[in-house]
Structure formats: structure tokens, C-alpha cells
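Letters A, B and C mark the chains in the order given here, with residues in each chain numbered from 1 onward.
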């Protein structure tokens, strides 16, 4: 049974449909990457999965259980974590407090998960008593991912985790995504840096105009001349 | 709801059934009051309602057109009332024959000089004085000069109070006081607007709430200027008074004056609403960011509309004070002069002038009629309580019964906001599908 | 030295008293602002409601305090706090929550809170009448006169029992709030929601719970402030409407959304008020002989008369809005 199975998802904001039938499935140990041109509905799809957007048609299953249109806090309880693209930390809270907020629904885990998150992101341990608002962009991204991991999700949704980061940090983030995945967390992420992202993807989804254009393994998509020509800039 | 909206947009020229129905109901209510309470009483009620309609128009352009919430209507009303009093009542010879006017003028001159000196001190950094030192100098100078001037002023005003009572009026035509009242209110509005309009909308509400209390405190305690709690009366009317032509006719003439004013304001506002200026105002209210992106000077437009609203409140307050023929600073209450106006606007339809006028008249009638009704209900409750359970009625029944009206006004505000946020006659927003 | 005692009584003690009241009120306002993003105009009447509950309870159980040796009002204060907290949560459910659910602008909530203020005011006056009454139903207000051990000092420093309680309770409330916000899970979640409500929701924090907790705290604090104020002077139904402006000024001075800023702001505004109405010529009296005559002749060197006290918080508000709208401690929401 796939970890996440979205079938024919339609949805949008205030009557305007942005998603016109998207299919998406990933297994529990896979990294799924959504790429596509601007306005294709990449982030919208991620929000639909996390219950931030009304799904008008189709269904989304998490381990076979329908979850579309459930409120976010219930999805967190069911093992989903979400890292928004912007404003993804609590700036006046310290790093440690940020992470604790991630485990709000599972207060028993805090100690164990803190240790694990510090393991994934060593710089956070040194800065744990600093307000998150004072950190650099890359470190904030780590706090954001760490916060989502605190609830021990089985599926982590990342919305453009490398947006606005320098190439150096970008590689670091991709490495960390792989690391998190190898610890058994399924990942679904939206990325602008399509080539690099598809490089680590088990499954890639190329969206255009709210529909699937290409769906394959990351390597196969990178090798496909059609994909390369129209979406990866030649 | 949605289909209805689409409907009104599709056929804007359709017969305005809702408007007609509501106004007919209002007319019936007015006639009912005439039948029961008599002509003199009812005409008085209508004049007061008309003055309130001017206040409500002032608030509707601030809140309805521009989304600015003014929680201190009372202050601007009181300023208008003061101006109407000051310009229209007879000259006080005891004051002008003494040397006190000269002394008062001198103090005012000191005041101007002090302000100029402090302003000059704030510019000292241009002469090479370090900024911190400049600020220190300006603050210290401000404090010292303030104390000097305020002491001089206290001396003169004490003299005025003991020797002449108060400075009296200017004996000018009533209309002058009304216009200056509008200007005064507009000036205070300009000051508040300059400070608050670039910030969160809550801050404007807080600041206006404060300035209203300050204006009231000033008018109440400046016995040399307003006779304070001793009140000033009678104030002359712009039309022949009741002693000349009888109550009903005099009040009817006053009513026609206010009606002409409302018609004029209504006409000008409708013109402005549909002019580019009004469109810009609404664009700012509905989407501040995109309006700013189009290069509109948002804060300037906001300031214009806020000052305009305050001017109307000043004029309305002046008309109201002249009609009551009495200036009593203590009579200005947030309930009667701020919240009542607020209810009129949000119930009638913020941003819709016709709805606002409807709301003003309808709410005022209910307000006036609720006083005897509240007393009656309270007496009923007490009689029932005494009969059934042998309660002892509290002594101050009247004042308590009137508190029930405070509760009702509050309840009305919250209910309208929740169930009819656009009022009974909503602003007609033309949607482009 | 008598002048110094006069100064202590009229500025230091009086300023601390008003400052404490403003501080407790402003903390509630700032918490509500940081969670729900609107200026809560009904806060003053929530304070009055708390004090009124104490008055009712103390009239019903006048002997409640005797067992502990403190005024009945203080023993019954926790009950009144609970009732006020309940009222606050109820008001939110009935009036503010539906408006929030409609997604209205914050200013509409401000108007809604004005409606609530009128309803509370009407209800309280309907039941209590418009006159004043003392919260000391069956107890005696202790007044302590401390003579200073100096030569020639005749006037004692005067401090009353409710004032001492006020300082103690303010301290406990502020420390308790600090611990709650920095140590407890709910407190941290409150700060998180004030920082970033969307992310708080995405983290699985139940925002409805946080809103309710905020109202409970704000209501409890309002009851404390109202009661202690009424103990210090006397209970009047319109007492706290005039507190709104200084309390908002305090919250803005401290930086909106910043609880400890609000405490500081409360004391700034409180002391500014007492300093402004203090007649400074009293302090010049000992130096009478060495000062120029025009200065000693000035009878009244107060900045404003007590009847214009409300000008002081307004002046502070205007200065802070012009000079630094985010407040001295840099609040979050402008």
C-alpha cells in the first residue's frame, strides 16, 4: 500500500480551480519531487495534501485512509508534517522552543526527538537558545524541517526548501533531505531547482496547468528529452 | 444571497423596492409619533434626527467609504457645539471693557512664541548642534516654556472668572459659528489623522476615543471660556425662535434649514463618491496594497476623508447645540454622541448615504421612544416582582431603567455586525464578473 | 524633609499604585492583541465586572475574610477571577468568534468589543446602580503610617493595606505569567501563535484552545486589576472606562504583543500621570531663600491639573505613535 496516494485531485481558492485532476503516489521510503513551471499548481497540490485547501473532487489517501479536507492538526496527528516556504519558524521563540512546538501533540516525545533532530542538524544544537528570527536563511530552514520532524511524521511535505538559499546551503539541505529520508520518513517536496531535486528523487511529478504532464522515477525524467526541453531549460 | 447580489448588479435600474419599503415604513413611524405625541414634540424629534443624520454622514464617509473607525464622534460634536455657542451668543461687556482681553491676547502671543521657539530648537541640528543635545534642548525648553505659559494663562483665566464670569460670545450670525465649528473639528481631525492614519486602524480608534474625552474635559473645566458646568443658554437660532412664531412653526423652519443642509451634503457626497476621487478612496479601502502599487498617495487620501468626516461632525454638532439652545459640556456623552451615531451608520448601511440617513432617523426615533418604554417595562417588572415575590424596589429606578438602553445599544451593535454586516441598505458595490 | 515625604506619598506610592493597575490591565490587552490582533475595548468593563463580582460575593459572605485575617474581598478574589474568566470565554464564543469565523478585518472586532463594552456597562449599572460602594463590606481598611527616623520630619509616609496587597499581587501575577509563558507547553504555544498563527496551526497547535486560554488569563488579570483598584479607592460602575486610554497607551508604549513591555509601559504611564499632576513648587519650598522670586511666587507648578489627567496618557500615546509606533521594546504588530 502506498504511503500517499492522491487520485484525480481537483481544488482551488474561492471557486477558481487550480488543480484539475492530479495523481500522485509515493511509497513510505521514497522521496517524491514535484516540479513544473510557475502557476502549475505545485505548492497548491502540497497545500491540498495538508488540508489547507478545499479538495472539490478526487481523493487523497494516507496509507489507504482518506484524509482530504481534514484540518491540519488532525493530519499532524496522523503522521504528516508540513514545512511552508515562507514564515516557517516562530521568530521570537528560541530554536529549542521552535522544535518543542513541533511536538505539541506528542509531548512525551520531546526529549528523544530533540536528540534526533540535533543529530540531523548539528548547527541547531549550538544555537538552541537563540531566537530563531536571528538565524541565517539556511539555519532557519533547518529549524523548520526539524520542527516538522519533532512529531515523528511518516510523511514530510516540503514547500521549496531551498528557495532563496545560496548554492552552498542548497546542497546541504538536499543532503539533509536524503538523510531524513534514509531514517524512514517519506518525503514529498516542491522544488524550483528541478535538476538537482530530481537527482535525489525516487519519483518525480511534472505538473503543468494543474495536471500531471510526466510521472516517472527521478532518473528517468532527467533522461527524458521531452522533459528536459520543456521544463529543465534544455 | 449570492444570486440576489448578482441580480441587483445585473439590473441596477430596477425599481428600488427595498429602499422604498424601508422609507415608507419610516414615514409611517414618523406619522405615528405625530399622531401620538403631537406636532411640537415630533418636529423637535425630527430636527434632532436631522442633526444626527449629519453626524452619521460624517461617520459613514469615514467608516463606510474609507474603513476608518472614529470612536470619538462626541469630541467633534462638542467642538461644533462650542463654536456655535461662542460665535452666536451676545458679547460680554464686563470682559471686553476690562484690560483682560489684552492680557489674554498677550498670553496667546506668548504661547505662539513658545511654540516657535521649541520648533526652532528642534532645528538646531542644522546649525551643527549634535542631535542628542538638540533633542535635550528642545525637550527642556518645551517643559520650561510650557510651565511659564500655562502659569500665565492660569493667572489670566482666574481673573476672567472672578471679574467677568466668562469671556462671552462674539454676537455673530449663527451660521458663522457652524462653519467655524466644522473647521475646528476638521483641524483636530487633521492632527489625529496625521498621527494615526499610517498605522493600524485600531490606533485611530484609541486616539479618537482619547481626544474626545480630552475635548470634553477641556470644555467642562474651562469655566472662563464656556462657563463649564454652569452651562450657557440661550443660544440664538438661525431662524425665528419659538417665542416669535410658536414652537411648531419655529421648529419646522429649523427643520427646513437642516434638511437643506442634508440635501446639499448628500448631493456633494454623491458627486464625490462617483468621481475619480471617490473611486480612489474605495480602491484604497478594498485593497490597500494594489492601490499603493498603482501609485496612489494613500495616507493623503485617507487624511482628506477623515478630515472631511470630522468637519461634518463639527457642523452637525453645531446645529444640534444651537437647536437645543444650550451649551452643556457635561451633556456630551459617549453613548448619546458616539455610539448612537455608530449604530445609525452600521444599521443603515455604511458607505450608503441614503441608508445612513434612513438609519439616523429610524434609530433616533427608536432611541427617543425607548426612554418611556424602558421606564414602563421596568415599572412593570417591579410591580410584578413586588406582587409575586414581595421584592423591594430599588430607589433609583429611573436611572437604572435608562441603563437598559445602554445594554440594548451594545447588543444592537454586536448583532448588526454579525447578522447584517452591510446594514439594511447596503452600499451598492458594482462587481465586474 | 517634609517635602520629600510629601513627594514619596504623592508620587512614588501613588505612581506605583496606578502603574500596577495599568500594568495588569495592559498585559491583558496586549495578550489579546497578540493572539487575536485587535484592540479589546471591553477590557475596562471586564475589570469592572470582576470588581462587581467581588462586591456581590463580599456582600453575600462578609465574614469570609475573618478566618484568614484578610479582607473578605481578597479571599473571594479567586472566585471572581474564575467568573470573569468564564465571562471572557463566553463573550468570545458568543460575539467575537463568529466575527473571526467570517474573516472580518480586525477593526470590525474593535467595534464589536465596543458593543460588548456597552452591554457590560448596561448590565452592571442595571444591577449595581450608578453610585459608588466600598468593597470593604465588613472589614476595616488598614492604614499604615511610617514615621521616618529623621530630625524635623513630622509627616509620615502613608500606605494602605490594599496598596500593599496590590504590589504583592502584581509581582506574583507578573512572575507567574513569565513562568507560564516561558516554561509551560501552553504558554510557549501562545507565544508561537502570536508569532505566526498559520505555522502554529500547521504544527498541530489547537488555536481554539489557545484563544480560550488567552481569554482566561486576560479575564483573570482584569478581575485582579478591577478589584485592587476598587479596594484602593471605591467601586464605581464607570471607573474603568476611563482606564481604557492609559491602558492602551501602556500596551503601545511597551510594544504591542509584548507582555513585559506592557508592564513597563504601565509603570511609565502611571508615573507620568502622577508626576504631571504633582505640584513641583512644593519641592522648591526648602530652597525658598536661594531661588529667584518669580520662581517661588509661582503657586502651582503642576504640568496639568488633576481634571486634565487624561491628557497625559494621550500625550504619551501621540509621542510614541509619532516617534516609535512599535513601542520602546519593539512590538510585533504595527
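A few comments on the model shown:
Definition applied: contacts are C-beta pairs under 8 Å (C-beta built on N, C-alpha and C of every residue); 3 or more make two chains touch, one makes a residue touch a chain.
Bear in mind that the values here come from a model prediction, so they are computed numbers and not experimental data.
Excluding chain A while holding all other chains in their positions yields a single touching group, one piece. Chain centre most remote from that of chain A: B (centre = mean of CA atoms). Comparing each chain's Cα centroid with the centroid of every protein Cα atom identifies chain C as the most central.
Look at where the CA atoms of chain A average out and do the same for chain B: the two points lie 55 Å apart. Between the Cα centres of chain B and chain C there is a gap of 29 Å.
Centre-to-centre, using mean CA coordinates, chain A is 46 Å away from chain C. The touching residues of chain C, counted against chain B in their complex, run 38-39, 41, 95, 98-99, 102, 104-108, 110-112, 114-123, 125-126, 129-131, 242, 244-245, 248-249, 252, 298, 300-301, 303, 305, 307-308, 310-311, 313-314, 317-318, 321-322, 325, 333-334. Contact residues of chain C toward chain A in the complex are 185, 188-189, 191-192, 194-196, 198-206, 332. By the touch rule above, chain A contacts chain C in their complex via residues 50, 52, 72-73, 76-77, 82, 84, 87-93, 97-98, 100-102, 104-105, 107, 147-148, 151. Chain B makes touch with chain C in their complex at residues 67, 69, 71, 146-147, 150-151, 154, 195-196, 199-203, 205-207, 209-211, 213-214, 217-218, 220-221, 335, 339, 342, 346, 394, 396, 399-400, 403-414, 417-418, 421.
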